Amino acid sequence: MIWVDLANATINGIVIGLLLALPALAVTLVFGIARFPNAATGDFMTFGAYTVVAAKSLLALPLAIGVAMACALTALLSLFFYWWVFRALVRRSPVASLIVSIGIALVVRSTITFFAGQSQYTIEVPLVRAWNFDGVRIVPTDLYIAGVAVTALVLTFCLLHLTPLGRRMRAVADNMELARASGINVGRVMITLFAIVGFYCGLGGVLIGIKAVVLPELGWELLLLLFAAVILGGIGSPLGAIIGMLVFSVSQEIASLWVGASYKIVFAFFLLLGVLLLRPQGILGKVRAVR
Amino acid sequence: MALLSVHDLSAHFGAFTAFEHITFDLEQGSLTGLIGSNGAGKSTLFSAITGYLTPTSGQVLFAGTEVGRYAIEQRVRLGLTRTFQVPREFSGLTVFQNLMAAAPNQDGENLRSLVFAQGKVRQQERDNAERARGILDFLKLDKLASERASSLSGGQKKLLELGRVLMLEPRCIMLDEPFAGVNPVLIQELSNRIKDLHARGIALFVIEHDLTSLSRLVPKLYAMDRGRMIAEGAPEHVLKDPKVREAYMGGVI
Amino acid sequence: MVESFGFNRRQFGGLVAGLTASLGAGSAWAQNTRPFKLGALNSITGAGGVYGPGMLEAIKLAVKEVNDAGGAAGRKFEIFAEDDQTRADAAVLAAKKLVEITKVEAIVGIWPSAVQLAVMPITNAAGIITMNTSGAPEIDENDKLDLVWQFYGSNVIFGRAFAETVRKLGYKRPGVMAFNNATMLAQARYFQKTWEEKGDKVVDFIPYEPNQTSYRTELDRLLSKKPDIISASSYLPDLTIILKEWYQSGIPCKFIAPGWSANETLARTLGADVVDGILSVSNVPATQNPAFKHFSSAFKAATGREPETFAAASYDMVICLALALQAAGAEATPAQIASKIRTVAEQPGKKVSSFAEGRELLLKGEKIDFDGASAPLTFTPEGRSTPDFGIYEFQKDKLVLKEVIRLT
Amino acid sequence: MELYVSAIAIWVLIYTLMATGLALQYGFTGLINFGVVGFVAIGAYGSGILSQHGVPVWLSIPAGAALAGLAAYPLGRVTLRLGGDYLAIVTLGFSETVRIFIIKEEWLTRGTHGMPGLPRIFEDWAGRSSGDLTLLVLLVAVNVVIFLLMRGLIRSPFGRILAAVRDNEVAAKALGKDTASFKTRALMIGSALCGLGGAFQAHYITFIGPEQYVPLMTFYVWIAIMIGGAVSIRGIVVGTVILIGFLEGSRFLRDVFGGISEVQLASVRFWLIGMALICTVLYRPQGLFGERTKGTN
């Protein structure tokens, strides 16, 4: 029986991992390109999830349109904060941006609770039974969720590696001064970056809202996990973020078969410490040289 | 025996080669220059020698000790010091405090001594202050002693950085582009100070783009190109080397 | 400056009160216009944020009812609301403000045990009444002055109710899942304890962390032990996710959950297919009682939602307090009021279901027994109401009462 | 009334201890500790548990602080040779780990039940109301002593190296300083101060439970030092007063704002806190009283 449990835990871990890979990607892109850990990531997700709830309940829009709206509005939100705040902090220490991002997180969340209150909402999708293969169960909804996540991830990689815009983004990530000197419009790269980040946060938030329930703390609670996964994968590495997230969520799910489930976060924390001890640059990260 | 001996040192980052098969010696009390175009690997070589990054292979011997596995601060304690291309002053401290912070082996850095050996700490502070004032006089920074380091000009910051290194009583100073961004008057000043230090028996290794100033300063030059050492010898000799002319300025000089 | 202004205002208020009193002197209803200051210390934000706002709303409704009836012993109720953020440290300052600045005579609507335990030294020292829906047994032990009143079954009783129900319905292999906090864990533990007293075993006991995206692995781990029923000591958000994942798994199993999570909202969220057959345990008289009917329609009118059990309990707190004040008289101290709570809520006495009704009878000198919206309100010696439990079952998406059990 | 005012003053003085600890870490050394609440919790629980086992309060409180300081040691050793962002994330994770440890290890901490009935300081002989005032006096004295010690530390050669590390760690290394060791010591001292605040708070509230120690508390302390400016004692005190004044003052907002519900009021409060963070960093990075050093490079 043990292998059935293992298989189920792994499947569950992969689905959650893929889903959370979207915001993890958002964190790692900002961390790599704009050089600070964006603590508002989680609450951007929450914003996305609530947008769908609002679109469905207030405007009675179909789910697909609601999701599109959530992605677009979260992207706009992210852009707004870039335009107002992060843009001014580009030349300051990353600490400034980090602290400000926490302020943004509080502002976004409290704005949501001001209008939507503290109670839970759900994004209703029809519930379907799982396909059962001798006890190994796959839920079709999970497959859709994973599918959407994978599509978004593939698109990112195409954007980063196949387009001139992606090349410019990677150049800025490598060395902002050099990129600026070689004529890259860093501002435009940043705008693209924050738009993409908002888009992913929105989409990730919606998917979590579909899988779980929509609460004001939905995204904030995930923040630590996101950061840990990004460091595990190597800061600034998109593929690393995905691998890191998958490693995390799968090992967490498997671990909770034996150790008390409550120690999930502790487990993440110690895994993080271990990685930092043995391989500070993470799985796919690069060493940053001193100039 | 050479003071600093670099043997077959290479550094690769993934597919990229910063430098490879670098071998050279620096004698006690020598004054040597290192030239090369942008990206030739000079600064990276400095970083590898002083411990800021780990080379892929090869050895670094300082005063007879293999220091390849030493942390930066351990190398500094042996007397192997450096300055930076972009000055790294302690912006929140005054010029004087910048030097005081550099004083080595201070008991006052130890919390226990701060409580139990206050007399000793105070005595050390007085001694260090005296040395710091001496160095500020030597660098002609004495008038700026109580200015915030962040308010200095670029050239003054380079002097300050040199001053901090001098507080360490080093045996070898590696200067990374000391003249970059410094006005001509101050360049002359800096050159004189470097010569003075040379006269005191400190070994100096200087990366510099200002070839005129450098060749006037040093009796010996190394030249690097694309991660390799391509020439060494007297400045007039090295600068005429066709390989150097080719690599350095596309043959213009 | 502010101080002296407040003083002046109070003096002015006194003057007005004096005038009113002299004007109405001929009447038998001599009005005492000194308002009764009531602190509402609710968990508006934090983990209790799901219930706190509803509880505050219920308190407001009850206060309105009391005031509309002319106040208790002639004193109108005035509400001073504070958010305890579901945290003991925030609650301490909030309570200090209520006690020291506002000088309330009672604090109602406390939800978490932690807050009740933390404010108890303050309220006891000031000699004021507190009323809560907390479940921790320590509260009973520490309430030496009999000023603390629990309007909810302790975790002990709740856990036992679950176990008795499961046994009565003939299940053999219960599994336990519990939200990892004091209330829920204690409840789950008492379930296990009661169940295992007779030599049976629970198949597994799995506490889970709040705020997860998925509880599938925890659930799978339990389901793999093949329980025939799962006792879920849970709140609404986590129960929603757990049931969603259980339904998708397709593994047959029953669920039994507390009434505050297995409620209409859950059914609305998940749909009839999922909730059908799930058992819900809560205070029985709730829906049958006239007080509840009356309260729930008012609550629905005000908020558009069904009241939660905690909200009903909060409503009862205020009505009980008002009736006790009515019985004790306008000049009664909080301790004297507290001593009357049993008198107005327990037998012998004529059953009443609203404040106005009770006030009427009290004025006639009759004994009353207030049956509340949350429970018939009979208190243990420690001041805890011991409700009967109703076992409800979802038939499609409607909750149907199956059975009532009384634990003694 | 006096009791409420003294309660607020005690609150301010407790938070000042924590803010001083964080100021040493961030303002004077440049360490980003996002796990303040974890150290506060260790101080609170350390002292709380010891006092439940018969250790007198005057001994258990410093012991709790010392425990918090010691807990910082391994974190410092692991992360301080890496960039500052790592410390931020690791300490954030640490504080959550502490909270979960408290929840899980019931044999030690009573888990989510919390620990009620901790002994109050001075209550045995001063009684309740004057106990508060005596505690207030004690806290003022503790704060003054800490202030003097900190000033001595900052002006010592040790403090000079901390400033050097803050301004430019690479340069400090180039001078042969073992910067990780300096940072670890600053982290430990600052964390011990956070623990001290936590221990005082625990014996003041007399109840500790895991739900008190959530990251929001960390950000309260951050806001205090950001507003006041992290590098001056005056800034720390004023920042804390503004923070507590705001947190408590917003309870009185109710009397001003009629139209909105309690949930909305709580939201407004958090919104203002967030805005305060954004706007101070954006428009007044040195804080209200700080000098223009950190964050302007």
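Order as written gives the chain letters A, B, C and D; numbering starts at 1 within each chain.
Operating definition for what follows: a contact is a pair of C-beta atoms (placed from the backbone, for glycine too) under 8 Å apart; a residue touches a chain by one contact, two chains touch by 3 or more.
Since the model is a prediction, treat every value here as computed from it, not as a measurement.
Using the mean of the Cα atoms as each chain's centre, the chain most removed from chain A is B.
Of all chains shown, D has the CA centroid lying nearest to the centroid of every protein CA atom. Centres computed as Cα averages put chain A at a distance of 30 Å from chain D.
Once the centre of each chain is set as its mean CA position, chain B and chain D turn out to be 41 Å apart. Averaging C-alpha coordinates per chain places the centre of chain C 35 Å away from that of chain D.
Annotation for chain B: residues 52, 84 touch two or more other chains.
Looking at chain C, one finds that residues 44-45, 49, 52-53, 180, 209 touch two or more other chains.
Listed for chain A are residues 113, 117-118, 260, 262, 265, 290, each touching two or more other chains.
Of all residues in chain C, those touching chain D in their complex are 3, 42, 44-47, 49, 52-53, 56, 81-83, 85-89, 92-94, 96-97, 99-101, 112-114, 117-118, 120-121, 125, 136, 138, 142, 180-182, 185-186, 209. Touching chain A in their complex are the following residues of chain D: 30, 32, 78-79, 81-82, 84-86, 88-90, 92-94, 96-97, 100-101, 103-104, 170, 219, 222, 226, 263-264, 266-271, 273-278, 281-282, 285, 294-297.
For chain C in complex with chain A, the touching residues are 44-45, 49-50, 52-53, 180, 206-209, 211-214, 216-218, 220-221, 224, 236-237, 240-241, 244, 247-250, 269-271, 273-274. Contact residues on chain A toward chain C in their complex (touch as defined above): 1, 4-5, 8-9, 12-13, 15-16, 19-20, 113, 117-120, 122, 124, 127-130, 132, 137, 139, 141, 208, 211-213, 215-217, 221-222, 253, 256-257, 260-262, 264-265.
Chain A makes touch with chain D in their complex at residues 31, 36-37, 85, 88-89, 92-96, 98-100, 102-111, 113-114, 117-118, 223-224, 227-228, 231, 235, 260, 262-263, 265-266, 268-270, 272-273, 276-277, 280, 290.
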